[in-house]
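Per-chain residue numbering starts at 1, and chain names A, B, C, D, E and F are given in the order in which the chains are listed.
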Amino acid sequence: MKPACLSHVGADGAVRMVDVGDKQVTARVASAEGFVRISSALERAIRENSVKKGSVLEVSRLAGILAAKRTDELIPLCHSLPLDAIDVTAALEPREDGARVHVTATVRTQSRTGVEMEALTAVTVACLTVIDMGKAIDKAMVIDGVRVTEKRGGRSGDRCATREEGR
Amino acid sequence: MKPACLSHVGADGAVRMVDVGDKQVTARVASAEGFVRISSALERAIRENSVKKGSVLEVSRLAGILAAKRTDELIPLCHSLPLDAIDVTAALEPREDGARVHVTATVRTQSRTGVEMEALTAVTVACLTVIDMGKAIDKAMVIDGVRVTEKRGGRSGDRCATREEGR
Amino acid sequence: MKPACLSHVGADGAVRMVDVGDKQVTARVASAEGFVRISSALERAIRENSVKKGSVLEVSRLAGILAAKRTDELIPLCHSLPLDAIDVTAALEPREDGARVHVTATVRTQSRTGVEMEALTAVTVACLTVIDMGKAIDKAMVIDGVRVTEKRGGRSGDRCATREEGR
Amino acid sequence: MKPACLSHVGADGAVRMVDVGDKQVTARVASAEGFVRISSALERAIRENSVKKGSVLEVSRLAGILAAKRTDELIPLCHSLPLDAIDVTAALEPREDGARVHVTATVRTQSRTGVEMEALTAVTVACLTVIDMGKAIDKAMVIDGVRVTEKRGGRSGDRCATREEGR
Amino acid sequence: MKPACLSHVGADGAVRMVDVGDKQVTARVASAEGFVRISSALERAIRENSVKKGSVLEVSRLAGILAAKRTDELIPLCHSLPLDAIDVTAALEPREDGARVHVTATVRTQSRTGVEMEALTAVTVACLTVIDMGKAIDKAMVIDGVRVTEKRGGRSGDRCATREEGR
Amino acid sequence: MKPACLSHVGADGAVRMVDVGDKQVTARVASAEGFVRISSALERAIRENSVKKGSVLEVSRLAGILAAKRTDELIPLCHSLPLDAIDVTAALEPREDGARVHVTATVRTQSRTGVEMEALTAVTVACLTVIDMGKAIDKAMVIDGVRVTEKRGGRSGDRCATREEGR
């Protein structure tokens, strides 16, 4: 049985940037989400400010958009991709066991590889910005549940096995 | 009762970078941690590669170190701080309900404000790099539990109330 | 009557990066210009140095070229575009009421959206560099008249109304 | 009579970064302003959106803050300075001959050289962002009147003559 | 006889970014190499660490990969190109007159101009990283022999004469 | 006998950023040099252009200055240091066996660690820029002899042994 293999690690064990030169340019989209668990006091402060000018959530969304464009600088083996659209949302969700900020990101491209890392980067940097802006009020925030929620376009052929067979 | 206030939002509701000019330059340290929940198959692949060259964990650690130095570019209202040291660890933790990668970061500075955002940025970018390098094998990874674990130095005076009174 | 709408603001009032995925890749060019009003003393200093090595104007041109390539990092909702050519000029213009530096930029691309922001960014950063290099002599410089002078390629279809109708 | 000299140009005519090693670390502040002339239609669109969420002006302010932190990357001979505070305002000003957005920036540091370039960079990038976000409605915007409005701290000794004598 | 001409210098002597708009998008590849001459003591330290975790060479390779993606920010007149693959190797070569690290880089793209600068940038930054990580042991390292070893794809038509005739 | 040790590799073999928190802030300076071997045809082209506007050498110098300021982004384990001065020279040196460009850089800081990497980065990026601007004429350029020529300030205590003993 062929074991699972790490696509960024070559036969010699050295890291490498995966060659996407043979892949097709197709429309691709990826979405991701994440959460920042916050105190009720912070939730109230964000909401009241939000009623006025919405800044914590808006600044966080914007930080996420900007970060998505720089994913290739942050994640060492990511390709630089031309992004057609970046959409980041950030919403307060009150819950029984404390509130949270729900962040989502959807990124679109027409290129040779997918954009899930761009969506994840947008989400995590937006979450970090929530923490930065709220940390004077709530010192116990936690980022949770950051994951890819959807990925479309391209062959689902980023799988290592498929790549092996394709040679 | 004075309500909690957002330190990055001025009296007029507009976002601003907090003025740290009156704060003392002191030695400050912050630590953070986070987890990437991974499949057993990925855990095995990382460990086997790790025995040889350790690359997934090492690349992730390095990505975290590099990201910490660029926190001010990613988090809109963060100050640019001279970092004395950045230490990032990444370790596999097998568990009954699936494995995880445990990432920690400790950042030190001598400046006018704390470095918890730098530690959190290091952790999250290291976690994202684990996902990038492992996603050909495991498409269901989740980042969880990203939080500040320790903050020392400076007055614990980043609190808004204290700042108000200090005027 | 449908009111004018801001293309970067969604139905919910939240900022977003405009989706250009349905637009055609076409050759596009944009030009912009701007001026730095300078004292006669500075004009003389620039000209004399220029006779020798041309540095103030050349450094400013170069700063403009470099900045155009980073427009997407500076302007939050700009797309990252592959630029085919960037041409920046900077020339002294003596006038009766004091001299000025006239900066122009022309940027070319083949992509899904226009490059006027790249041309404007090149012009403004070149103007800022003139100020930086001349400020020891002239502390009263002013940047004026920064605007797009030409935009060709693409449908002139960046207009919001058209986009609405296209849905 | 000794002629005015360009501080960034050495005796050999070659550009250089001015050596600030002998200057004192002192508190320094600089302010700058600039304007974007806009159409009445755009003014209305910004104001109505602003009533809801304030985004054009808020995004522009934020872009200015972020840009100030990267001044040293944009302006070739600028030093990298630790900024204590960055404050950017952006306000609509209706006028008889058409509206305008008035942008101001104030930057504070404790370092060896002044921060007027940081303030100017914040202002110009905020102005560019207004254009980017409004250009679907108004294609004739112009940036005007970008200048330093105040500079305090340090000897007013950035003047070339003084530096020469100091040797 | 027409003299050789500098492609980045216009008829007026001013630097410019070469317009690649008329060139074809074709698959292009470039390779480069370079060496760091190191002491035997450093060679031993790298090798022993390498047996364990390979870090000096791995960190250097990674630094080279990351730098290749930012070539357009470092080399003023380079275009921003979408890179399909970046492969960097770094190997110890013991020799009679002292050891050396041999670094190679191969970069692939499908675009309008070649990627030899990207390959060279990867090599030089990897070499610099070897020096940074080894300098506590060996203060006399030298980088030598950095050059393009292969360039394929595109017309070999980057030559100035051809470009002139093409007009 | 204690073997030489790599300062960036911890007891566990993992890379880390050296902690400079206990080192003194002192004035430090480092110089580096490097060469680009070029053809006589290119030497002539650079010189003739240089007589007019000096651009190849001036653009290269400027690229070196800009790169020095970003050393911490390029070299993974370098600290971000405030640079007081960056001086880069680039001169043509005709020789019997073909010409070369001689690049030097001197960097000054007042901080806790040295700036030799900044000087080396300035030199190499200036050399790369010479290649980029001359490659249409000379496809066989080689970068040689890149090394630190002087380092002053700080204890010469970056040596690993000293650090070990200091514990």
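The rule is short, and it goes like this: contacts are C-beta pairs under 8 Å (C-beta built on N, C-alpha and C of every residue); 3 or more make two chains touch, one makes a residue touch a chain.
No experiment lies behind these values; they were computed from the predicted model shown.
*Asks:* Strictly by the touch rule at the top, which chains does chain A share as contacts with chain D?
*Replies:* Touching chain A and chain D alike, sorted by label: B, C.
*Asks:* Which chain's C-alpha centroid is most distant from that of chain C?
*Replies:* The most remote chain is B.
*Asks:* Would you mind telling me which chain pair, A-E or B-E, is linked by more contacting C-beta pairs?
*Replies:* Spelling it out, more C-beta pairs touch across A-E than across the other pair.
*Asks:* Interface overlap for chain D and chain F, more than half of numbers shared or less than half: same or different?
*Replies:* Copies use mostly different positions to touch.
*Asks:* Matching B-F on over half of contact pairs, by residue number: which of C-F, D-F or A-D?
*Replies:* Equivalent chain pair to B-F in C-F, D-F or A-D: D-F.
*Asks:* Provide the C-alpha centroid distance between chain B and chain D, rounded to the nearest whole angstrom.
*Replies:* Each chain reduced to its C-alpha mean, chain B and chain D end up 31 Å apart.
*Asks:* Which whole number of Å gives the spacing of the CA centres of chain A and chain B?
*Replies:* Here the centre of chain B sits 16 Å away from the centre of chain A.
*Asks:* Taking each chain's centre as its mean C-alpha position, how far apart are chain D and chain E in Å?
*Replies:* 36
*Asks:* Where in chain B do residues touch at least two different other chains?
*Replies:* Chain B, residues with two or more chain partners: 14-15, 53, 55, 58-59, 62, 66, 70, 73, 76-77, 80, 82.
*Asks:* Sort the chain contact graph into one of these: line, ring, star, complete or other.
*Replies:* Chain contacts: none of line, ring, star or complete; other.
*Asks:* Where do chains touch, given as pairs?
*Replies:* A-B, A-C, A-D, A-E, B-D, B-E, B-F, C-D, C-E, C-F, D-F, E-F
*Asks:* Taking the touch rule as given, give the residues of chain F at its contact with chain B in the complex, in rising order.
*Replies:* Spelled out, the residues of chain F in touch with chain B are 14-21, 72-73, 76-77, 79-82, 111-112.
*Asks:* Which residues of chain B touch chain E in their complex?
*Replies:* Going by the criterion above, the answer is residues 53-55, 58-59, 62, 66.
*Asks:* Taking the complex as given, what residues does chain D use to touch chain C?
*Replies:* 3-9, 13-15, 34, 41-42, 44-46, 48-49, 52-53, 55-56, 59, 62-63, 66-67, 70, 73-78, 116-117, 120-121, 124-125, 127-129, 131-137, 139-148, 151, 158-160, 163
*Asks:* Spell out the residues on chain F that touch chain D in their complex, using ranges where they run on.
*Replies:* Listed in rising order, the residues of chain F that touch chain D are 27, 58, 61-62, 65-66, 69-70, 80, 82-89, 108, 110.
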